[in-house]
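Read from first to last, the chains carry the letters A, B, C and D; within each, the first residue is number 1.
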Amino acid sequence: MPFHFSTEVIVRFAETDAAGIAHHSAYLVWFEAARVAYLAEHAGGYQALRDKGIESPVVEISVRYFSPARFDDKLRVYARIFDIRGARFRCQYVVERDGERLAEGSSLHALVDSRTFRPTRMPAWLREAIKVAESNNSSIDKSQLSQKGLMR
Amino acid sequence: MPFHFSTEVIVRFAETDAAGIAHHSAYLVWFEAARVAYLAEHAGGYQALRDKGIESPVVEISVRYFSPARFDDKLRVYARIFDIRGARFRCQYVVERDGERLAEGSSLHALVDSRTFRPTRMPAWLREAIKVAESNNSSIDKSQLSQKGLMR
Amino acid sequence: MPFHFSTEVIVRFAETDAAGIAHHSAYLVWFEAARVAYLAEHAGGYQALRDKGIESPVVEISVRYFSPARFDDKLRVYARIFDIRGARFRCQYVVERDGERLAEGSSLHALVDSRTFRPTRMPAWLREAIKVAESNNSSIDKSQLSQKGLMR
Amino acid sequence: MPFHFSTEVIVRFAETDAAGIAHHSAYLVWFEAARVAYLAEHAGGYQALRDKGIESPVVEISVRYFSPARFDDKLRVYARIFDIRGARFRCQYVVERDGERLAEGSSLHALVDSRTFRPTRMPAWLREAIKVAESNNSSIDKSQLSQKGLMR
């Protein structure tokens, strides 16, 4: 399952902790930044979704940390959306530094009405945009992806 | 100008940085926590204000840092509200650890309609509650306040 | 598997997001605060461990979110440590508001030398302290635990 | 006093709050990111300084907020370093969105030994690098700077 999208994140000093490494909660923020950038590139943006009265709260999230990121590290965060069904979808993430996988994660999202927080189906245009994004073989330079990054 | 209110904050590991100390942005969060606790004790809470459609965004903030706070430090955050005029008010803060002043700060707040972000006057009940709070001489144990903490 | 430890967290305004709820990354910070408070009560504190040159970085974390927490909510965060083996241990968490389970999570931790980040075994005193903590039936009021909170 | 350096920041969802705007503490993190990017471009990076055993803790910070930033806003953060004397220096910041000034701030920094936290003088190479950076008229496209951004 290849990734067709990635974005760069630089570890901020505010994101480090007294162990001298990026705090483990920062990865969730980077995953979200990658998810938002993905939607910006492929589907008019997360704000477009919010403007239509839809939020996509996180229902489940998990992260595996392999090696610590440190202050000022330039990270590449890969993201993909898959397993869309009704009012739910899943994302996967890989965080790399110079081709070394530092962490990977996945999240399950609900789609809800932003006022009532009741489930709502993914709009057809978004489903279609994601389908196109995930079948697009040219959107990122494959050579950037380490072998480890290509497969799970 | 004595403080009549204080609350306790324990420095979280997530709030530290790679210099081994609490990140300087954490103090703004602690000031806010103290401000919220102050309003909870004296004026029905900040949420009561929000429920009436009023937000109080920060217009100015300043902090002076004297000595670093570290992970797991038990801090006392003093807060007071003063200088209420129309749609604005000011707060002052002192952060102490075992009577040692680590930082002090002040903030200027607007009162705005939460939808339009237009200025709105402080409700009379809130103005009155703050007046009572700030004239109350018994609400905190004066012996907790270091001499430095008592005056600015 | 009952919890013998819990701590209180109040949702800070800084922890909310534009969806009007506590941001999902805040739960990791609350889990950590509960873990630290647990160790403070039972094992001389996490700082005691750090003073001995040991860090316990997060190797894996997962969270399931059932219902959103909101600004100023008073949350109870249950934590327990279990499955200690060599240089690793696991924690489990439940976040409740008025007996309603809002989220649950688990984390896997390594024990490493704080300079080399090489694995190191859990000190015997800590293993013993956790064993005592987890067998203690009286440390929290069972009636606080919802039925859902008692079992997984 | 013109700015010769700026960097882009996109408002993260995690940086917003329940008032629907970027939390005021986020600006300190953006100022820091701009400061770090400035040093990376002009002086071998903040990490170069840290590698020499020097930290530059914030001694004072102040921010004035004019208009709220919102989720996904593309912000330009201008930064400059000035008033270097002995073991202290000052920075100034302006945050703009499409030429509109949203906030401005300043910080005072100490230079300290990272172990003892004792003051240490700014290394000559850093002082020189900043001098060059601040006299460089070509490093940013002047047309990006709004009239308001050019002067203080």
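Everything below uses one rule, namely that a contact is a pair of C-beta atoms (placed from the backbone, for glycine too) under 8 Å apart; a residue touches a chain by one contact, two chains touch by 3 or more.
Given the structure is predicted, the values throughout are model-derived calculations rather than measurements.
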Centroid comparison with chain C (C-alpha atoms), farthest chain: D
Pair of chains joined by more contacts [C-beta pairs], A-B or A-C: A-C
Cα-centroid distance, chain B relative to chain C, in whole angstrom: 28
Separation of chain A from chain C, taking each centre as the mean of its C-alpha atoms, in whole Å: 26
Computed distance of Cα centres, chain B from chain A, in Å: 36
Residue list for chain A, restricted to those that touch at least two other chains: 13-14, 18, 21, 25, 28-29, 32, 50, 71
Touching residues (chain side chain A, partner chain B) in the complex: 13-14, 16-18, 20-21, 23, 25, 70-71
In the complex, chain A residues that touch chain D: 10, 12-14, 28-29, 32-33, 36, 40, 45-47, 50, 71-72
Residues on chain A engaged by chain C in the complex (per definition of touch): 18-19, 21, 24-25, 28-29, 32, 50, 55, 57-65, 68, 114, 117
